[in-house]
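I've put the structures underneath this note.
The same chain A turns up in both complexes below, where it pairs with chain B and then with chain C.
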Partner chain A sequence: MIFKPTREDLKVIGQGIGRVILGVGLIMLIPLVVAVVSTEWLAVIDFLIGIFACVAFWLVTEMTCKTNRDLTWFHGLIVASAGWLTAMFFGAIPHMLSGHFKSYLDACFDLMSGYTTTGLFLLQDLDHVSHGLNMWRHLLTYAGGQGIIVIALTFLFAGTAGAFKIYASEGKEEKLLPNVIRTARAIWMISLTYLVVGSVFLFVALLFEGMPAGRGFLHSVWLFMGAWSTGGFAPQSLNLLYYHSLWIEIVTLVIFVIGSFNFVLHYSVWTRRRTEILKNIEIRSFAITTAVTSFVLAIGLSKGGVYTTISEFLRKGVYNLISGHTTTGNATVYSNSFVGEFGFIAMWGIIIAMAIGASAASTGGGFKGLRVGILTKSLWGDIKGLVSPESAVVREKVHHVRDIWLDEALVKGTMLILLSYVIIYFIGGILGLMYGYEPSVAFFDAVSAGSNTGLSTGLTSPLMPALLKVWYIFVMWAGRLEFLSIFALFGMAVAVVKGKRVGRR
Partner chain B sequence: MFYNAKHPRGRGETGRARMSNDTVMRSQEASRWRRWLSYALGILIETAAVLVISGLALLVIILVKVIMK
Partner chain C sequence: MIRPVRGLAVLAAFIMLATVLLMARAASPADDTVAITRLINHMKQYDGRTVTIRGEAIGDVMVRGTDAWITVNDDEYSRNSIEEGGELVGMSNAGIGIWLSSTDAEKIRICGGYKNKGDIVAVTGTFNRACKEHGGDTDIHATSLEVVKEGYPFERSFPWGKLIALLALVGMAGGLWWYRWYVKKAGLREAHREY
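Moving on, here comes the complex of A and B:
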């Protein structure tokens, strides 16, 4: 039996969402400052309107949803899913006002793409957007990489038991420290440390390539944010191809691969458990799947006869493959090169890499290396069971910070998430086919959106069908939150309509 | 954080010698440095891992290209 949510439930959820939106408004202060410093007064007005809207929404929710009740699991799931969706509508205000979007739907698409660290974009004339808007685009993906909820937890929620529920609902089930607020702060400490280190390296590389210091500083910060968050945004429409720099490509590659690692792994390696990086199932899984997909890519490239030097293998082949595997989306080739130069086999090598994706509890998307490791080990256990004596008990374990013994519930849960990803990839591909795109193109962009990657063959553009834009927004959102919160939101919608009313719970 | 006279250790109840403010501050400073050095080493290890994995991918591609030539 389904129960209709009570007024108290709605108040708890409303208050949580209000605080998330206040967090979005607070983040807008940074691009506002950049716009003021750059004397971009139109952008200043856009951000002031955006901040005003966020603060007004928060005030309304604080006044109408005042409650002292703590969040339950159900509330946490709804706040996470609905919070991300509401954050998209409010965050899109400066985008829409900038005049770089064909419609509000396109602005929302870019917002969801940014928050979910996907990197696909429908923004027009990217090479001439204001510094303020560029800062907002990259900050979105940087903040989204840590998690909007993590931001809200860091500043706006008390350290209650409910805080963990909202944190876990954002697709991060693992904690770095026993306290969830300290976990959120540790995530920020790691990200900010890398922001400083990575930006310095990129700044030096950009100066070395002849870029003026002021512009170099902004580009280094933006490129770092795009790479670290595995978002793949860049300030120029040609993405990394614009720079034509081996050093910038190497530095960004290192940044986005490290960015795709699990925050728990970062914390372990930083705090004297150095060998964890050798033993961790996600790193082993990533190394193996990188080698396997490289093999497929290499066969494709060899058959096509393109990229013949070692430098080209590295800069065009390995870079784009690993960018796809870490679900980043930084590219060193034109969009149409995936079809025109990589060809069918190499494209499918990248599609498989994108579908697998990065690590759990990281900034990346896709199935995640942990799940690939669990399923592979489980399959291996089944095979061992078949060849062992009937009385033998075969149990497999994976190492992820600690040893995890595989049981039926864990494998079943893993299969369910993996199946959900396969379904959204498939539906996206079929939709693309229905609109007349080639199979490789349709599936490439569908998997790219669903796995929060951002590489594109050119299908994703302002001219793409509106239904496909809406579907991509949905899969970016669902893929980033790993489905459970989305199921809960749909469950709540059903409960509101069909649920049985209860007096008190 | 400064030396707290009300703390049991401050009163010598555990048998340890009282630490002066300077000693406490130096110890905290050293601990902070050790922590940041540990973080720096962590960053180096992670970078090395990335380079090894990328090198592996490059090696596979080169091998396939050579074999298929």
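Moving on, here comes the complex of A and C:
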């Protein structure tokens, strides 16, 4: 039997969403400062409108949803899923006001792409946007990478016992520390430390490559944010190809590989458990899948005959493959080069890498290395069981910070999430085919959106059909939150319509 | 009997002349300006050929020793800027990296960005689908650059409509804040009286 949510449930959810939106408004203060410093006065007005809209919404929810009740699991799931959607609508305000979007749908697309660290964009004339808007684009992908709920937790939910429920609902069920608020702060400490170190490296590289100091500073911060969050945004339309620099490519590659690692792994290494890097199932899984897909890429590129030297193979082939595998989306080639220059085999090598994706509880998307590791081990266990004596009990384990023994429930749960990803990739591909795109093109962009990668063959553009835009927004959102929160939101919608009324719960 | 022979001779001479003219034209394709999207969509066709592009210098001039990198866009926005009433045409920018001598790069005074319309330049050089010198980059190695039109700062009109919307939102947020404070205070007073 489904119960209709009570008024009190709605108040708890409303209050949670209001605080998430206040968090979005607070983050907008940073691009506002950048716009002021850059004397971009029209952008200043755009951000002020965005900030006051967020504050007004928060005040309305604080007054209409006043409650002292703490969050339950159900509330946490709904706040996470609906919070991300609402944050998209409010965050898109400065985008829309900038005059670089044809429609609000396009602006929302870019917002969801940013929050979910996907990196696809429909913004037009990127090369003429303000520093303020560029800071907002990169900052929201940086913030989204840590999780916008994590931000809200860090500042606005302190002290509530229900905080873990909302934290876990954002696709991060692993805690670094026993207390979830301290976990959220530890995630920020790790990210901010890397921000400083990574930006310094990029700044030096940009100066070395002839970039003026002022713009070099901004570009270094933006490039770091885009790479670390595995978002793949860059301030110029040519993305990484704009810089023509081996050094920038090396530094960004290192940043997005590290960024794609699990925060729990980062914390282990920070707390001097360095051997964890070698033992961790996700690192092993990533190394193996990178080697296999690189082999496929090498076959494809050698058949294509365009990128023939070692340097070209590494800078155009492997860079983009790893960018796809870590679900980053930084690119050193034109979009249509994936079709014209890479060829069918190499392109599918990248599609497989994107579909597998990065680590669990990281900034990345896709199936995740942990799940690939669990399923592979489970399959291996089954094979061992078949060839072992009937009386033998075969059990497999994976090492992820600690040893985890595989049981039926774990494997089943992993299969369910994996199947959900396959379904969204497949539906996206079929939709693309129905609109007349080439199969490789349709599946490349569909997998890219669903795995929160951001590489594109050129299908994703402001001229793409509106239905595809809506579908991509949905899959970016669902893929990032790993489905559970989305199922809960649909469940609540059904409960509101068909649920039975209950007394006080 | 003579007339047809003469006619054929004239026709043959005409065909030969046309062929020579066409070959001469093919030998110096630099006379033609090629759109960057055409280059990108037909890389194989233009690989290694001398081409001329014309567009807006964008972003930064990155000097590397005696040479430099610039980026040139020739999309619709480089012709009709959004800032000057140009339409959104539903596409991203179309640009390409140009590798040129730093002396040529110095001719560029203004690069396009949020505040400026960049210099419009005409660049002639060799198009590389996957440049061997630059790790496979798709680029043009320029032999000449000419500034066709100088860039200038954009003049933007003040958005009064946005200012009104901002003031309305500030008023609304202020009113809500005051009401919240008032209710809280009234609640405290009530609680105090009951106590």
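Rule of thumb we're sticking to: the second predicted complex is superposed on the first by the 505 of 505 C-alpha atoms of A that agree within 3 Å, B and C clash if a C-alpha of one lies under 4 Å from a C-alpha of the other, contacts with A are read in each partner's own complex, and residues count from 1 in each chain.
Methods note: a contact is a pair of C-beta atoms (placed from the backbone, for glycine too) under 8 Å apart; a residue touches a chain by one contact, two chains touch by 3 or more.
The model shown is predicted, which means the values in this text are computed figures rather than measured ones.
Student: Look at where chain B and chain C land on chain A after superposing the complexes, then choose clash or fit.
Tutor: fit
Student: If you stack the two complexes on chain A, which partner ends up touching A:Thr64: first (chain B), second (chain C), both, or neither?
Tutor: Neither chain B nor chain C is touched by A:Thr64.
Student: Examine A:Ser461 and indicate which partner it touches, taking first as chain B and second as chain C; both and neither are also allowed.
Tutor: Second partner only, chain C.
Student: Which angle, in steps of 10°, is spanned at chain A by chain B and chain C when each chain is reduced to its C-alpha centre?
Tutor: Computed angle, apex chain A: 110 degrees.
Student: Quick one: is A:Thr309 in contact with chain B, with chain C, with both, or with neither? Answer first, second, both or neither.
Tutor: In the superposed model, A:Thr309 contacts chain C only, not chain B.
Student: Chain B or chain C: which reaches more residues on chain A?
Tutor: Of chain B and chain C, more residues of chain A lie in contact with C.
Student: With both complexes superposed on chain A, which partner does A:Ser388 reach: first (chain B), second (chain C), both or neither?
Tutor: Once the two structures are laid over each other on A, A:Ser388 reaches no partner at all.
Student: Once the structures are superposed on A, label A:Ser294 by its partner contacts, choosing first (chain B), second (chain C), both or neither.
Tutor: Once the two structures are laid over each other on A, A:Ser294 reaches chain B alone.
Student: Could you look at A:Met211 and tell me whether it touches chain B, chain C, both or neither (first, second, both, neither)?
Tutor: second
Student: Output check: A:Arg274 vs chain B and chain C. Expected answer is one of first, second, both, neither. What do you get?
Tutor: In the superposed model, A:Arg274 contacts chain B only, not chain C.
Student: Could you tell me how near the closest CA atoms of chain B and chain C get once both structures are overlaid on the shared chain, in Å?
Tutor: Shortest inter-chain C-alpha distance (chain B to chain C): 14 Å.
Student: Would you pull the chain C residues touching chain A in the complex into a rising list?
Tutor: 40-41, 43-44, 58-64, 68-69, 71, 73, 75, 77, 81-83, 88-93, 95, 97, 99, 112-115, 129-130, 132, 134-139, 156, 159, 162-163, 165-166, 169-170, 172-173, 176-177, 179-180, 183
Student: Sort out for me which residues of chain B touch chain A in the complex.
Tutor: 38-39, 41-43, 45-47, 49-54, 56-58, 60-65, 68-69
Student: Residue numbers of chain A touching chain C in their complex, please.
Tutor: 40, 42-43, 45-46, 48-49, 52-53, 55-56, 59-60, 62-63, 97, 99-102, 121, 123-131, 209-212, 215, 236-238, 241-244, 246, 306-307, 309, 311-312, 315-316, 332-334, 336-337, 340-341, 461-463
Student: If we count contacts the way the header does, which residues on chain A are in touch with chain B in the complex?
Tutor: So the residues of chain A in touch with chain B come to 193-194, 197, 253-254, 257-258, 261, 266, 269-272, 274, 277, 283, 286-287, 290-291, 294-295, 297-299, 301-303, 310, 313-314, 317-318, 321-322.
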